[in-house]
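Next, two complexes with chain A in common: one pairs it with chain B, the other with chain C.
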Partner chain A sequence: MSLWCDKHRPKTLNTLDYHKEQADQLKKLVHSEDFPHLLVYGPNGAGKKTRIMCSLKELYGPGVEKLRIERQQFETPSKKTIEMTTLASNYHIEINASDAGIYDRIVIQEMIKTIAQTNQLDAQTQKSFKVIVLTEVDKLTKDAQHALRRTMEKYMNSCRLILCCNSTSRVIPAVRSRCLSLRVPAPTADQIAMILKQTCKTEGLNLPQELANKIALKSNRNLRRALLMCETAYVAHYPFTNDQEISEPDWELFLRETARQIVQQQSVDRIVQIRDRLYELLCHCIPADIIFKGLLKELLTICDGQLKPQIVEIAADMEHKMNLGDKQIFYLEAFVVKFMSIYKKHLEFSLAGCI
Partner chain B sequence: MKSWVSSAFSDSAFANTTKPTRTTRASSQKQTLSNLTNKEPKAKISEPFNSPAKKQKENTLSLSLKYEPTTRADLSVHKNKIDQLSNLLDQIISKERGSILLIEGPSGCGKYITLKVLCKEKGVELVEWDPSNVNLKSFDLQIDGEYNEPYESQIKNFSQYLFKSSRYESNQLFNNDKSTQNVKKVMLVKEIPNFAFRDPKIFVNLLNDFKRFSKFSLIFSLTQTTYSSDINPQKIFPTDIRKDLKCLEISFNSIANTFMNKKIEKIAKMEHFGFVDKKFLENLCSTSNGDLRHAINLVELTSTGHKVQFTQKKISKTKTGEAINFDSGSKDANYSIFRGLGKILHRKNVDNNFEEFKMPKHLVQYKRPVLSADPEDIYDKLPLSSDLILSYLHQNYIDIFNIKSSSSNFDCQFEALDSINDSFIMSDIINKTSCLFESGTNTGTQEARLKEISASISIRSVLFNFYFSTENESKSLWMPLFKPFNSKLIEAKLKRKKMARDFLNLAIENNSNMIKYLIEMNKEFFIELIPFVQLRSTMRRPPGQQRDNLVQMMFKPEFTQLFSKCTKTRSNQQQTTENDYENQQDEQDENVLLNENKPYKKESNVSNSANKGNYEYEDASGLKIEDFNF
Partner chain C sequence: MSTLPWIEKYRPKTVDDISYQDEIVAVLKKIISNDTGEFPNFLFYGPPGTGKTSTILAAARELFGPELMKSRVLELNSSDERGINVIREKVKTFAQFTPSGHRSDGKSCPPFKIVILDEADSMTSSAQAALRRTMEKESKTTRFCLICNYISRIIEPITSRCSKFRFKPLSKDILIQRLSFIAEKENIACDRDTLVTLVNCSEGDLRKAITYLQCASRLKLESGCIKSSDVLEIAGILKDDVIEKILDTCSTGSFEKVEQCVQNLIFDGFSCNQIVTQLHDVLIERHDLNDAKKAIIFEKIACVDNDLIEGADEYLQLLDLLVLIMKQMK
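Let's look at the complex of A and B:
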């Protein structure tokens, strides 16, 4: 039994549910003589990957769906071997180079070199190039991105790159300018609700419109999450009722509670407790930037409007520094300390004003 | 001999690279044991400054050798310890069959001397293992007729020492003197051979064999070190091996100040130094840390350094002043982790008057009294990298800060906290930057310099901010120090990732759609997929509906950690009402569903324990100071 979000994923460009214009453009692009490097970006759960796979299918036919896992080894100059997992079909290969940490440059160079140096056997019937799909490009180091730029130019004949990331702000301009950028915006709540209803219909279930809207709202315009929520709701309670509870991932609840605790009391004791909670989140492999975002979002809803710009500024500063440094907990904690101090001062100030 | 050509990694090379202080000592001992008479040249090296007024022969010996105790009464060791060792020796000698005795203690506490004196008293001959034994080598080469081997394996050397001596009463190793045949022998190893550190197994096997076959007893004299883990005897003789070998143990303490004072006064008297000042003795005791050999060497050094006064017998005058500073001769003492961190976290001032300098008016609040210890000095002496110091400080500062600052107001507290956090962040970023230099070609100076700066920033910030004008005197309070959880966090994460990968690999067998998550392990999988799959499993299912594959899989015991819940607060309320129902349901399900192969009997237990939220962190925070192994 597979998850709905995998099971009902569109397989061709024609069956995509939204952004149909973009789908048409992609189709034209595929059938044109020259297929460029692509840089696909957009928020989580917007359908970047789906679109990439659909385009690949349009390019090569159903052969791209036969995926196999490959483990490749790379050796660093310091004789350390890194093992990378790649997903490959006969026509393309997918890799997340940011898994290699600071050695991502080597992985990218080596891998692209080996793939690009072998030409397709039958250039007449097939396309003359292979495709390399790189995910999470924004997490690559600057070094790796520069390496990417050079290899991109060098092996233009035999391979194309499809880069996939959340935001282009961390991709160096040199790489950006060599690709055709393609933004995949998140679907609207209405679109999500529609897709949910459609999915339930194919599953043979009846989803009331109201519940569909509710889920769509709660999903933050993330389609994957909406489908997961819907499925969870189905497992929890079927037939659907309009007022049934929609469960959220536990770490979000945990984060909300953490934010509440921060606002509730400002003291050194509380910082110790918050630190424990932050460690717990990190321990569960929740990325620190997502913790930052979640925490900031929760805190902003609680605190006064005057403070908002100041707090956002601090959070941005800390998050930036976090990327320079190493120990994520330091930055999270520093943010909490700064928030507490500002918040408390503001409270005291406004209290004094009242009297 | 071609020993100077041999590779640096060969065993013989290892044998020769012993600690300098030990070799001089070991070689001088060897002289007294074997009948070699070339005492003069060696002693001359150890003492280049001869005082001309003395007789030539006496003067060539260094003081520590010259006044080496020869009788029990002379020893500066506590009487009980001597008796203890004497009893143990008796035990060993009477037993005679391969018993092993470990003598432990810091350097210069009289382990060897006590043993020597006692052996002499009991008429037992001490046979020392000399790692640079040449005699044996030549003997061996002649037997084998092989001259092409420029060096001999240390393992071979050591095992020969162990076994040849036991099988044949008279041995090339020992004196060939027939007269010593009837004398009882005890074998002594003062330095654990280097191969033991590389491969403790071989060493332990050798000792096991020794226990079985040998007629003699073996004594190890081990110098205790506090911090260096690589050459710590504890590594060679962990407790379980001690038990297996049935080792007898005795540990010496460092020499008490009273004993040391007596001894030094005595030496001073014998050498006609005249009156020894009390302050000088105090100074000496504190610098030598209970190491008598070191103390005596210091005395000798100071006396030769002031040769002119010495000959004029005015030595006592120079010694009274504080002019003599032992800094140059003092031991290179490192702090233990506990002590070093304590020095940072518990600020110590020289005194509370800070009139020496005037601060401008707007900076008065930043005035701090003079510190008793230099922050950079602490860094030098702490056996930790700057990165680790930072982690340790971060882990531990907040508890202590909490107590110390409890009496000051919120603004003060948070200003200090803010400043500490900022410096920690700076320190962390500098550390990370220094790592970049590491991978480059020009390693060394730049990297080390950056690390120094980083450590300096973090240490100074803690020292600076841990000062409160209204300091409450809770100094007697004992605060445990914790290992930094941050470094454990990486391990925990890796473990979790590996678990997730295993889980996925399993899932892919059933469902090839899952394959794409292998690539995107970092994000979606942990923040979306796992939480929802986990939620599904805790939901109440409509009766008759089976658990799907994914949910079943995650109840395998090896994956429970992966799905342990984040929300302690929420789950308990909800779960308690449903638990009974759920458990019954589970068991029914299993019987129906999983009869074909391995039934997951543990299922209900596992899901319960998962609800309790057994995090690694809880384990980690339970770490107490005992874990440091001081």
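Let's look at the complex of A and C:
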């Protein structure tokens, strides 16, 4: 049994639930003679992948759904072998080049070029090009992105690239100017609520409107998350009731508790305790930038209005430095300590004012 | 072939076709016409989309003709492995063979080969250093043409061995002329307004402008005429009222509203870079902020832009910037 978010994923461009205008554009694009390189960007859970898969299906027919997993090995100049896992059908191949870490340039150079250089065998019965789907392009190193530049132009006859990323800020302009950019905005809360109701209907369940709205609000405009929440709620308690508890991910609760502890007491002992909690989060593979954002959000709701700009500035600064640095825990801790010192000073100052 | 993208289809075929870069065109024409083989090593630099690669490819085609082109020209770009080993082995072996001064059809042609090192600024400095002596030693048989965006990333000994040409960003008139030429050839109806918008979005980058034009024509196939709003949409540029709304939110002075606004912008998937650039354009013309305040904001904009390039989180940076603007607008 598969999860709802996979089971009810739209399979064709016609059945997409929102951004219908964009779906029409994609359809036109597929049926026009020259399909360009695409750069699809948008936040998590907005449906980028769904749109890509639908377009591929429109291009090649149902064959693209027969996926197989392949493993390929590469050797770096320093004789280290890296293994890449790819997902491929007869017509397209999906690569997450950032898996290779700092060796991603070699993957781009070797793998994509080999694929791009081979022509399709039978050009009469199918499209003359293959599609390479590259995910997480924004995580690629600059070197790897530069390596993409000429490849994209030179082998235009035999392959098209579909790049997929969260933000275009980290994609170099030279790559951006070679692609047609498609922005996929996250669905609004109303759209999510509607889709939740629809999904429940096809599952033969009855979801009250109020609960749907509640889930939609809690989902941060992330459809995948909304569907997962809804399914969890179903497993926990059915039939649905309006005042039913919607379980949030553990780590969010954990983060909230951490923020509360930071505000509660500012001392060296507390810093040690907070460090344990931060390590705990990092050990569970919660990315540090998400911890940063979550922590900031929680702290902002608790602390005083005039401190907010200062705290935001520190968070932005620390997060930036973290990306340049190596050890994430240092920067998380530095942020916590700085917050504590500002907060404590503020408290003492206002206390002195009272007396 | 109809599936060719327009940037390839309308790449200039001869040196004469190259627009706007008068100096280099004049030099190249002289070389091609008198056939003496006085071809120096070139270094082309300039912003993307100004025709650097097109120029050297067109020149090579005129010098050697389409048949010899394959054996006489070695094109290496950053999609190829270009470490020090490749320079030592591949380039050296290519350079060592002496070519004849005749084409297969009997016509004479210059007795040298060309190595094009595209995107040379992404070569490591050790690889560049390995080039130094090779460039001199093989000068009998081989000429080099280096192409880069930033000349500051090319080491000094290399620049001193080449004759340098700067490629200027194309002027608006030239861009419009070229775009309307393509539009005419492809049977696309678009008015002057659209072309001006295209040019404004592309910042002197002809390749970008042509890509946008092609995308717009594909997406708006049925409606017949491309409007300037379509171009804006494809280029990922925010509408003016979105920017206005951001600034309005800042001027309310409410932290919660600003936070909500940033959250929504990120959810809508707008590129943070784009927002920052456009905020800059709008703010510089605002009269309700004095110069000192503007200076503070613009300093922050510069920092945020730098941080974003270095991979900082969009949400945090944008929030930081907008909160600062909010403080200055009070």
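Things worth noting here:
Basically, the second predicted complex is superposed on the first by the 353 of 355 C-alpha atoms of A that agree within 3 Å, B and C clash if a C-alpha of one lies under 4 Å from a C-alpha of the other, contacts with A are read in each partner's own complex, and residues count from 1 in each chain.
By definition in this document, a residue touches a chain if its C-beta (ideal position, glycine included) is under 8 Å from a C-beta of that chain, and two chains touch if they have at least 3 such contacts.
Given the structure is predicted, the values throughout are model-derived calculations rather than measurements.
Once chain A of one complex is fitted onto chain A of the other, the partner contacts of A:Ser169 are limited to chain C, with no touch recorded for chain B. By the touch criterion stated above, A:Ser341 is placed in contact with chain B alone, chain C being left untouched.
Residue contacts after overlaying the shared chain place A:Leu281 against chain B, while chain C stays out of touching range. Touch criterion met: A:Leu324 reaches chain B and chain C at once. Of the two partner chains placed by superposition, only chain C is touched by A:Pro185; chain B is not. Once the two complexes are laid over each other on the shared chain, residue contacts for A:Asp250 go to chain B alone; chain C is not touched.
By the touch criterion defined above, A:Ser128 reaches chain C but does not reach chain B.
Once the two complexes are overlaid on the shared chain, A:Leu67 sits against chain B while remaining clear of chain C. Common to the chain B and chain C interfaces on chain A are residues 324.
Those residues of chain B that touch chain A in the shared complex are 387, 390-391, 394, 398-399, 401-402, 405, 410-411, 413-415, 417-418, 421-422, 424-425, 428-429, 431-432, 439, 485-486, 489, 492-493, 496-497, 500, 508, 511-516, 518-524, 526-529, 531-536, 539-542, 548-550, 565-567, 569-571, 615-617, 621.
Contacts from chain A toward chain C in the complex involve residues 25, 28-29, 32-36, 41-43, 46, 77, 108-109, 113, 128-129, 143, 146-151, 153-154, 156-157, 167-170, 173-174, 177-181, 183-186, 220-221, 289, 292-293, 296, 300, 305, 308-309, 312-313, 315-317, 319-320, 323-324. Residue ranges on chain A touching chain B, taken from their complex, read 1-3, 6-7, 9, 44-45, 49, 67, 69, 78, 85-87, 94-96, 98-99, 135-136, 139, 224-225, 228-229, 231-232, 235-238, 247, 249-251, 253-254, 257, 266-269, 271-272, 275-276, 279-287, 290, 321, 324-327, 329-331, 333-334, 337-338, 340-341, 344-345. Remark: chain C residues 1-5, 7-8, 48-49, 77-81, 83, 118-119, 122, 205, 207-208, 211, 214-215, 218-219, 221-222, 234-236, 255, 259, 266-274, 307-317, 319-320, 323-324, 326-327 touch chain A in the complex.
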